[in-house]
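Presented below are the structures under discussion, each in the form of structure tokens.
In the two complexes below, chain A is the common chain; its partner is chain B in one and chain C in the other.
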Partner chain A sequence: MPFKLTPQPFKAAIKEVEVGSGEKAIKLGGEKTFPFYTFDAPMPNAPKIGVEISDLGFEGESAGIKDFYGDVTNIVEMAKKAAAMEGADFVVLRLEGADPNGANKSVDECAELAKAVADAIDVPLAVMGCKNDEKDSEVFVKVSEVLSGRNIMVLSAKEADYKTVGASAGLAYGQKVGAESAVDINLAKQLNVLMTQLGVKPENMIMNVGSAAAGYGYEYVASTLDRVKAAALAQNDNMLQMPIVTPISTETSTVKEAVASEEDMPEWGSQETRAIDMEVVTAAACLASGSNAVILRHPESVATVSKLIKELM
Partner chain B sequence: MALTGIQIFKLTPKKNCKECGSPTCMAFSMKVAQGAVGIDKCPYMSDEALAQLSEATAPPMKTITIGAGEEEHKLGGETVLFRHEKTLVSKNLYAVTLTAADDADAKLAAVAKVDYDRIGERMYVELINVKYTGEGADAYAALVQKAMGANRTLVLECADADAAKAALAVCKDGKPILNGANPDNYEAMNAIATEAGVTLGVTADTLDALYDTVAALEKAGNKNLVLDVGTVSIKDAFSKAVLLRRAALKDQDRTCGYPSIVNIGELAAGDPQLQAALASVFTLKYGSILVMEDMSYAQALALYGLRQNIYTDPQKPMKVEPGIYPINGADENSVCVTTVDFALTYFVVSGELERSGVPCNLLISDAGGMSVLTAWAAGKLSAGTIAKFIEEHQIEEKIKNRTLIIPGKVAVLKGELEAKLPAWNIVVGTTEAVQIVKFMKDYK
Partner chain C sequence: MGRFIIIGERIHCISPVIREAMNTMNPEPILKRAKEQLDAGATYIDVNIGPAEGNGPELMSWVVKLLQENFNNVPLALDTANKAAIEAGIAVYNRENGKPIVNSADAGDRLSYLDLAAANDAICIALCSKGAVPGSLDEIMGFCQELLEHGMMLGMDPTDMWFDPLFLVAKGMQDKQQQILDAIKGFSDMGLNSTGGLSNVSNGMPKELRPIMDSAMLAMSMANGLTSAIVNPCDRRLIETMKSCDILKDNYMYADSYLDL
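Coming up: the complex of A and B.
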């Protein structure tokens, strides 16, 4: 008596969202199964990888990242290299310099850079903010405007600023808006409902349901991802069917495992290897629970996670 | 599928003899249904009814115990596919492969190096996978003997009957796993494993063949099994791991209800980063034993952290030990900062304090593993508890600095704390962790 293999695809599906344009546009979502359950039904779109670059350059980064970008002298050149990275599907420009407590770059300066980067690369672009909600919403509005119709991902609108960000990026300028909530299925759904009530179409939305580095409360991330996917697929909850994009490197690059120097922790070995392993392990865990895209920084992490996705597809 | 009390009652003799210790057969049936007593307490059950009941009341996934003494481990016994549905019970274990080609001493020394404590849990490579590579029974037994010196439970990856016998003669008291049964040799391997009293690992290229082999072994009376998902490909191993677990827990097919072994070291040979990625995937999706080529500190820090998170009981918070945690090389003259013992709070706060670069003593008091506001609302974080902590841990003798920064969310405690700790300068800190770096730098 052989094993009784009964494919169990769901009737509902994750919404398919296209980002960017032209040959290298990417499609997120579309699956009717849990991640990589290809024995139930094929996954129409493989999960994607975004390469994160900062508008402040790569000065404080590890040797591997510095080597990769080599002697580039400006962010646009850096973005071009990131776009060509093996395994990269899109480029994520983190406008860290906008932070009023940091470099405090002007909104126009940020928008100009985003435009220059978008013009220089052939892969889709996503922009991230500086974690100051007020400034981020101003920056996102302007970036959405100057890149009107270019179908970029704006990461992201939160409960505090979804009206401004949602209305500009999602309604006025035809971008894809990320709805960001803090590791809780109810908060995620609530924000999606608010955004759709604003008029943003679900097919123009993606979600960031929150992330954390492995070992740092990751159980909340895993359970939120599991629950969101279960609600979307098994219960056909159309307010949770947007594809999920999870930033990884911004979480893993600040934990002790990644920042402690080898002098301080000789038995831990190479700091760079630790940072890569944190990135890879956290990204793989997110993909296994349903992220449709992850955002990474180190070229080796990108190569490894890309290989993982190919093997599992 | 669990039976109800009524269904069990129908199978009892219904004569209320009280010999089982319950007043009536109905009462007895209810207790059996709840799992409070075993069905074997009733002396009058027919063999047929017993067989039916023990089958029906058996858990969908078996709990397999391996190892002996302090190195005893439990595998399997899961009842849900996702941790949020209830909780996951048996964390996955890690093994590192040792073969005759390795420098055994160096490999075992490297395994021993990764051994540390993380929030009250010992993190180390629990198992050594001793792989037979055709070196002959005596040489294999000698290798196994050497591996035993590492004081870990062994997995014998060996499909050769003579070598398996020789190895088990050396190590069977340590209750290793003999991972070597396949559709061709399962009868011989079953006899060897059963005689030695150890768990048998079963593998096959296809899921059908694996299923049939497990069914045949069960028929022969062996239910002390683990299922090796094989090395056909990464995709195939993942599919097998998911399908077996889902069939066992969702579709109640007990033939699939055994823990799994995933040989990640062979699936991604020579690529430690891909191995880390795969170990992460199989931590979430149904690997019970994860076999690696090596376990570096870098891999361990990330993977053990992940595993600890995934295998926490959602109903119980993770806590850190109360005490003084010096940060950035703090000494007795450094400022004191306090927060609760909820692990997530501790990690976020200590991480931000580290990033600030300002030396400080982080004082963690026992707040029942709750977050700041929850603990305050529950009375677990108050001026009284902080003052008591400072007294009990003799902080005033250990630290000369008399400034204490308290979480901004419990600013209300300032006045009362000043009354209870007159020698101290109480400072209200930030309400959110992200503001800590700036606060500490400004404070300094």
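Coming up: the complex of A and C.
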């Protein structure tokens, strides 16, 4: 008997969320199938790639990254280059300089920079914080305000600060808010419920359900992503149907495979190649488990993952 | 398996308020009860218009339109002995949120309600009885087989027949309860859906005991594979039990706020 392919799309769908505006606005989600199951139904929107830049510049980054940004002297110029990178769909400005234990930049200074970057680029903008919850929530409120109505992605609201961040970014200023949890599907769902109860509309929310570099607890990330998508599609769980955005480079850039020098670890080969490989394999694995967007740093990783997505669509 | 399905039973012509509203075609009391049930967690609303021998078709199509227009095409169970009324209800029914349910066929005099459901692409509740209380598990499963074969001969999808084991009052028929649970297990093992008037179990008990007994029966029934029940969704203990069992059966992802969802 000849094989007859029976497409099996789900009745439920991942919500479609638009970020940015104009010609280069991006749409995340919208699919009724598991990731890349294009034999069941087409994925209406290919997964997207965000290019991460830091407000502290690129000092200390690898040669490939330094070469790419070349002689730019300020963050706005850097953002323009990132936006033009081959395979880039959006730019992610990481405001690590806000850290009170670091450069401790003022909230206004951060907001000013975010505004200047948003004005300079034609692709959508996402902002990340400095991992100090208190400072991040102040920064996110101000950034959301100065970019009111620009439909940026704010990454992210957590259990500790979802009220402040959700109410400002998601309610008052019309941005898209990420709900961030650390590889815990029940908390991921709970945070979405709480944000919804606060009044943030599901179509204005995305999720970061956590990430880890391959080899550093990635199995838990994979199982969380898989279970989120299974609940969203097979059980039509509307509290888990938000698209997933996964930061990769912030996880992979600190593991020893990426930071050990070639002098210390000659048998591991080129440090830069290792850093790229860590980004690429972790991103590929997340995409295969359902991330609707990944955030990367190295131009070569961006080009490689972009090619992978194109080939799989 | 999907989440457990509650069919809200409170729009019933036995209630004086509802009977009066149906007699005078007064929307308010019907809408109020429907809203209470949906807010409390009902998926389907049962519309019981009684025998409605006079104006059945007119009354059923009026209620169907009334409820669907006011509650985003809420799916409905059409509950009457009057076949013309069921057909009239289905004729105006919007399927956006689920097929209509014909309530109900049995293996005896009401077998032809399956024909009615099949002809109208509806779900049909299939009561495993021929009018009397089934004597044994084998008898229930025999009726189930008869109903299943009849429906499948008519081209129905087996999952569109929701088998009813006939819930019986515990007070007086304690010895029958295990047989009901075994029947539910039997349906479940065959991959079939099931439902029934679960609160029969607590009939005649003091009011304060009924939610406790109904909740216990619901939990035991769900453990055996019951997929739906026709109950009063405004019974908070019962709904909390249902939601908790859905978590334990992995029908729905846990979150701390699961009782609010």
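The definition used in the following text is that the second predicted complex is superposed on the first by the 312 of 313 C-alpha atoms of A that agree within 3 Å, B and C clash if a C-alpha of one lies under 4 Å from a C-alpha of the other, contacts with A are read in each partner's own complex, and residues count from 1 in each chain.
The rule is short, and it goes like this: contacts are C-beta pairs under 8 Å (C-beta built on N, C-alpha and C of every residue); 3 or more make two chains touch, one makes a residue touch a chain.
What you are looking at is a predicted structure, and each value in this text was computed from that prediction instead of being measured.
Peer 1: After lining up the shared chain so the two structures overlap, which partner does A:A118 touch, if you call chain B first and chain C second: first, second, both or neither?
Peer 2: neither
Peer 1: With the two complexes superposed on chain A, say which partner A:K189 touches: chain B (first), chain C (second), both, or neither.
Peer 2: So A:K189 only meets chain C here.
Peer 1: Between chain B (first) and chain C (second), which does A:R274 come into contact with in this model arrangement: first, second, both, or neither?
Peer 2: After superposing on A, A:R274 lies in contact with chain B but is clear of chain C.
Peer 1: Using the superposition on chain A described above, determine whether A:A82 touches chain B (first), chain C (second), both, or neither.
Peer 2: Touch status of A:A82: no partner.
Peer 1: In the three-chain superposition, say which chain, chain B or chain C, touches more residues of chain A.
Peer 2: In the superposed model, B touches more residues of chain A.
Peer 1: For A:I244, using the defined touch cut-off, is the partner it touches chain B, chain C, both, or neither? Pick first, second, both or neither.
Peer 2: So A:I244 meets neither chain B nor chain C here.
Peer 1: By the touch definition at the top of the document, which applies to A:V51: first (chain B), second (chain C), both, or neither?
Peer 2: neither
Peer 1: For A:F39, decide between first (touching chain B), second (touching chain C), both and neither.
Peer 2: first
Peer 1: For A:L147 in the superposed arrangement: first (chain B), second (chain C), both or neither?
Peer 2: In the superposition, A:L147 contacts neither chain B nor chain C.
Peer 1: Mind working out whether A:L95 is in touch with chain B, chain C, both or neither, as first, second, both or neither?
Peer 2: It touches nothing on chain B or chain C.
Peer 1: Of the residues on chain A, which ones does chain B touch that chain C also touches?
Peer 2: Looking at chain A, the two contact sets intersect at 227.
Peer 1: Contact residues on chain A for chain B in the complex?
Peer 2: 1-6, 8, 36-39, 101, 131, 213-219, 222-223, 226-227, 230, 254-257, 259, 267-270, 273-274, 276-278, 280-285, 287-289, 300-301, 304-305, 307-308, 311-313
Peer 1: So in the complex, the part of chain A that touches chain C is made up of which residues?
Peer 2: Of all residues in chain A, those touching chain C are 185-187, 189-190, 192-194, 197, 227, 231, 235-237, 239-240.
Peer 1: Which chain B residues qualify as touching chain A in the complex?
Peer 2: Those residues of chain B that touch chain A are 82-84, 113, 118, 207-208, 210-212, 215, 233-235, 238-239, 242-243, 246-247, 251, 253, 256, 271, 273-274, 276-281, 283-285, 296-299, 301-306, 308-310, 312, 314, 343-344, 347-348, 351, 354-355, 434, 438.
Peer 1: Could you pull out which chain C residues touch chain A in their complex?
Peer 2: Checking each residue of chain C against chain A gives 2-3, 251-257, 260-261.
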